[in-house]
Amino acid sequence: MTTVSPVTLRALDAPGQPTPSADLDALYRGFERELLVPLWTEIGDLMPTTPTPRATAHRWRWSELLRLARRSGDLVPVGRGGERRAIALANPGLGGRPFATPTLWAAIQYLNPREDAPVHRHTQHAFRFVVEGEGVWTVVDGDPVAMRRGDFLLTPGWRFHGHHNRSDAPMAWLDGLDIPFAHAMDATFFEFGPDEVDDRSTPARSRSEQLWAHPGLRPVSSPGPSVSSPIAAYRWEHTDAALADQLALESAGHPGVVEPGHAAVRFTNPTDGGDVLPTLRAEMHRLRPGAVTAARREVGSSVWQVFDGEGRVTVGDRAWDVTAGDLVAVPSWAASTLAAGDRALDLFRFSDTPIYERLHAHRVAVAGQGQGKAPGQEGTAT
Amino acid sequence: MTTVSPVTLRALDAPGQPTPSADLDALYRGFERELLVPLWTEIGDLMPTTPTPRATAHRWRWSELLRLARRSGDLVPVGRGGERRAIALANPGLGGRPFATPTLWAAIQYLNPREDAPVHRHTQHAFRFVVEGEGVWTVVDGDPVAMRRGDFLLTPGWRFHGHHNRSDAPMAWLDGLDIPFAHAMDATFFEFGPDEVDDRSTPARSRSEQLWAHPGLRPVSSPGPSVSSPIAAYRWEHTDAALADQLALESAGHPGVVEPGHAAVRFTNPTDGGDVLPTLRAEMHRLRPGAVTAARREVGSSVWQVFDGEGRVTVGDRAWDVTAGDLVAVPSWAASTLAAGDRALDLFRFSDTPIYERLHAHRVAVAGQGQGKAPGQEGTAT
Amino acid sequence: MTTVSPVTLRALDAPGQPTPSADLDALYRGFERELLVPLWTEIGDLMPTTPTPRATAHRWRWSELLRLARRSGDLVPVGRGGERRAIALANPGLGGRPFATPTLWAAIQYLNPREDAPVHRHTQHAFRFVVEGEGVWTVVDGDPVAMRRGDFLLTPGWRFHGHHNRSDAPMAWLDGLDIPFAHAMDATFFEFGPDEVDDRSTPARSRSEQLWAHPGLRPVSSPGPSVSSPIAAYRWEHTDAALADQLALESAGHPGVVEPGHAAVRFTNPTDGGDVLPTLRAEMHRLRPGAVTAARREVGSSVWQVFDGEGRVTVGDRAWDVTAGDLVAVPSWAASTLAAGDRALDLFRFSDTPIYERLHAHRVAVAGQGQGKAPGQEGTAT
Amino acid sequence: MTTVSPVTLRALDAPGQPTPSADLDALYRGFERELLVPLWTEIGDLMPTTPTPRATAHRWRWSELLRLARRSGDLVPVGRGGERRAIALANPGLGGRPFATPTLWAAIQYLNPREDAPVHRHTQHAFRFVVEGEGVWTVVDGDPVAMRRGDFLLTPGWRFHGHHNRSDAPMAWLDGLDIPFAHAMDATFFEFGPDEVDDRSTPARSRSEQLWAHPGLRPVSSPGPSVSSPIAAYRWEHTDAALADQLALESAGHPGVVEPGHAAVRFTNPTDGGDVLPTLRAEMHRLRPGAVTAARREVGSSVWQVFDGEGRVTVGDRAWDVTAGDLVAVPSWAASTLAAGDRALDLFRFSDTPIYERLHAHRVAVAGQGQGKAPGQEGTAT
């Protein structure tokens, strides 16, 4: 049994507090009774000089994820209710919740041969990234989309979608969503669809690609800008070529790369040139053998997944060797650096940056390029 | 000591789970070891059919807030470190944190006669609303802004600001900020300024008003749109006149009110016509005597403060009688209704709606007007 | 009878032409037959190093306009067909067409006591500015709008509108439209309405003002941004106060004026902060006694009308003394300067700037501030 | 010698004029003296119920253009001063000026083997479309861009550009610019560059394509949206594939085509999803054999060029058989129809639509789909 109020106890840790007294304690008990909390005991936590995320940097090994996913394939059926055989990263700083960062969900999803994941829809935005394998089609609002190694696939919010494995091998991939953000924001709607996908055809290209995946071209029949990208699949052959082109330009002495030895492309919504989803940014990065990136801080969190090659990821004072499939969560404002090994290093990255950009709360600082400008200082919208 | 893993325990409450077994428990322990959590035990919490906020509806009495604020005025000095004598609403569903809702901070701030609150700046966006009293000037980036009854005052993110009470009476007002949102998003920067405001002059109008508070006019010298409104003070005389005009139009048979007997104006950024701050919407509402509003659900949370009159606020299955100064927190997607008593009822409202609108996650449903359209269904950006 | 082709003749004046010959002339005759014209004879006219407008700077005396308008009041009835007793400025460089500049229409409109101008609508955007007098109401989509000295009034495209004089005195005012632009662009639609306005009430304020002319406030009931401003009348009392405030700020050492002694406000659309009409910008300027503005060039044309005071307007190598009501047309890229006399000088200005800004073709150069940046050089949209 | 004023003469043709009299004629002479023109004599011309363009529909034969261009190749050198061997369409309604429509320039440009066109830049926006041939590189701000059959190539305003023919055959192509619009708007700046292009390398792909011509991908290194598309060349292989995909979707029963048998893609700016240039829209259309399009009216003018196949173009009450290279100018609001012959018909189209859309003056009416909505009626911006 405490003899002082919780607010008093909490104030013990805070600097610059009023002199403790019985009167003060009585005041604090009054706060408690009336569901009130003073700023002066909380300001250090709520208003730090720079972000102090509870989430921490962490590396997950793909080999372990895959091992446990396979075991889940043995023990856990996929069906109505559970909906998906997906196993999510749980950031060690976030209390055991399945949140890679405060805003981002990252999970391995696993489908046995000839298995179906039932159709549903939700307001959370989703994508898939395929580190290895093929054979699954995800059917998005009736459009069957083949999933193959290196592909980046979209399921924007509120589109019905189910998956089915048409091959005799299991398949695993990365799911990325804004589930933690939508959960924190109480903005989640969900609806069941049929238990099976309605179109079991297996075209190599989705209809969305036939309409939209031509460089710089749009169908005249389409209406104006859409909230999310209409391209259901960004194929590896295009991503790979774009990265190779940037490095070729660098070799020829022309601009294009982010920094020496570091090519990067962003997946975009062709209807407005912006991010693929309102809350999620996705990019592919390629480092030449031996290249090291400048340390970079950014408001907002991100997750990296190695696609090919080997290297080292440093976040703050921690560093991990990484290989294909490995995942690293990067908290807000943590300085991160990538280094390729003897081979080129390809990495997929997704982040919550669009949220900050749309709210004018984004700030970036790159080592050697000066401090990031505070968003409020700009004065003028961008 | 548990004999099963925490995931197993949690799964006990979830529907449609795989058959418990030693193998399954071993799998779940593997998840735990590798910092992983499966979707199938969590989906009910993470992906409900409609929002299920932890925050609850609650009413705080202004008389109690004011009583405790006065007592704080006796016991708690204002100065560097604690920064402000502000006492925040703590939503009963949010674990005792000083969060009115998951995104919104609402506090009573109290300044003794001749007292100063030191200068600082932060990326969190702030406003003040004055239910009663006058005599304090808030100095925002060097511009002294008088605070008077009914005024709505802005301190956009990253502007230096301090307050000083130039009168012989104490003064209390409502502070609104996006502190919980910025905290959850790890997007907080803070900087100390001088211990005292640098301009102690007491003009009736701020310089920002001289430049910007003329209807439909902007200075030619200003650059383009700004992220936040350049108007530091929205004066009660204008707000009152706008509400009266809407009701006069209704009496004359012309459109303008929100619904019968219900006038409402939104405070806007004159440089782009949008909300005053990137994360916060603010409005003033007036109900004719006896008027009752249609039940309304909205994704996102809000706080109402009665400014004048008496009435009744209903949120979900709870209802409170309210009088001047009383505050009510409304969680996401809760149905709320306002009812005026024998006199007209004036209410101030602020919400996090701009966040949802900018991310295309906003949804509204008004009783009698059909269900809200899901944001993902729109297809086309607005 | 010419013995050479018109193209040959035209080529005589152009530099760097191919050697004349019978073959060349035959070629040119072939062009003519096939409705073709070569670039090389025309490039000097079509692609000058800077704009070479055919329109010239010119000053019209209000006293003369008014004299002829009064005489028209005697001789020319207002009614269906002719529609308006409006007499337009015809720029001396534009071949006698009623075009103040290549894009802008400026006319004096005159209504006898108790006279009506019939209702119609057109896609051309219109405004009125009142140099003197009162007593007329313009009824815009059923909303009666009083016209008084100093007021700036809007009739956005495709709104039905008629005028009626309720007083026993005639009234004259300035009409501004984008008629020449719409004519050149073949974008004109027109429709007759009733022969008389349907609402002959005479309120001091229009309904549009009741809803929209409150600083920084908008009705919650209104939908999103509108193409044109919803404010039908910008009253002189507000414009005057805004200009006085800017000069007061300057006197107190604070920013706000355009340049020393020169205050200016722009009329804006409160729903988006932009110009009042898609094609027209309107501003009010005030010069302190003796103030002189820096010479300024701008792509696009404008018309100034003196509202109060006396002064001198210089455009290129021409200069005119001006007094209340006098109008000056300024062609594209002509350097212009304003100078006040012994009294303050108030001037109304309208221009076609929104067209250029929306097409990223705008360029400004102010003496002493360096050359204007070429629009194409920017690289990034604003 | 006229005995009445020009205004009086003009009034003879206008309906609803005041009774002629000596006084009226004196008034009209007064107008003339003061550089004034009344509305009532001009309103029929200035404010018609629907657009009444002076430009007319016309067809130019590519075979004739090419014949005259070749002859120009013999007689007219390319060099500084004349700048380009370009021969422009002169609309029969536009007084012999080199204007295909009031806003659009369309010309055949011709370069002899091994010939250079010197470097310059101008604010007018330009593109090239290649009906046949190859061998020329256009060098845009230092980036060499190969020109090949079916390619659509961009030279946005204010970029230095020159061309050089690296082959032993002459080459001709279509140039499209907004010269007439820029001329009417007095918005033209021009600057000479070097007499020869500085980079004579002959890569198959431009650097701009290496950076930008990957579907849905953008370089992370690039800044925000640009005013014009950064893609210098839209290659035929992509355009052809996109059109074929649309027809394949139609064959499979899925949406995508504009109307039955009619596929169409628009060239877009990948940084914002909008048109390639601020003033010009460009599209490629494909009709199945025998397909006929619905009659379509649109505010604004356009030019069609047949790329492949044969067919018939109808504009208003005129119709022409067309074959590869033939050009047709379509005035504002004229109803036009395309019909393919026995083979598929591919057509390139460019128009001034972005001007109207950005100014909210666009209106379209398609036979069988009801009248176009007037732009002013919308109320809400799009």
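Letters A, B, C and D mark the chains as written, and numbering starts fresh at 1 in each.
Throughout what follows, contacts are C-beta pairs under 8 Å (C-beta built on N, C-alpha and C of every residue); 3 or more make two chains touch, one makes a residue touch a chain.
All values derive from a computational prediction rather than experimental measurement.
Peer 1: Which chains, if any, touch chain A and chain B both?
Peer 2: The shared contacts of chain A and chain B amount to nothing, since no chain touches both.
Peer 1: How many angstrom lie between the centres of chain A and chain D, each centre taken as the mean Cα position?
Peer 2: One centre to the other, that is 43 Å.
Peer 1: Per the centroid of Cα atoms for each chain, what is the distance between chain A and chain C, given in Å?
Peer 2: One centre to the other, that is 51 Å.
Peer 1: For chain A, jot down the residues that touch at least 2 other chains.
Peer 2: Those would be 224-225, 271-272.
Peer 1: Mapping chain-to-chain touches, which pattern fits: line, ring, star, complete or other?
Peer 2: It is a ring, because the chains touch in a row that closes back on itself.
Peer 1: What chain-chain pairs meet the touch criterion?
Peer 2: The list of touching pairs comes to A-B, A-D, B-C, C-D.
Peer 1: In the complex of these two chains, what residues of chain B are touching chain A?
Peer 2: Per the touch definition, chain B meets chain A at residues 6, 15-18, 21, 23-24, 27, 30-31, 34-40, 42-43, 45-53, 55, 58, 60-61, 64-65, 68, 71-72, 74-77, 79-92, 96-98, 102-103, 107, 121-124, 156-159, 179, 182-191, 223-228, 271-272, 278-279, 299-301, 331-333, 354-356, 358-361, 363, 374-381.
Peer 1: Chain A touches which residues of chain D in the complex?
Peer 2: Listed in rising order, the residues are 207, 210-221, 224-225, 229, 231, 234, 238-239, 241-242, 245-246, 248-249, 254-258, 264-273, 276, 283, 285, 382.
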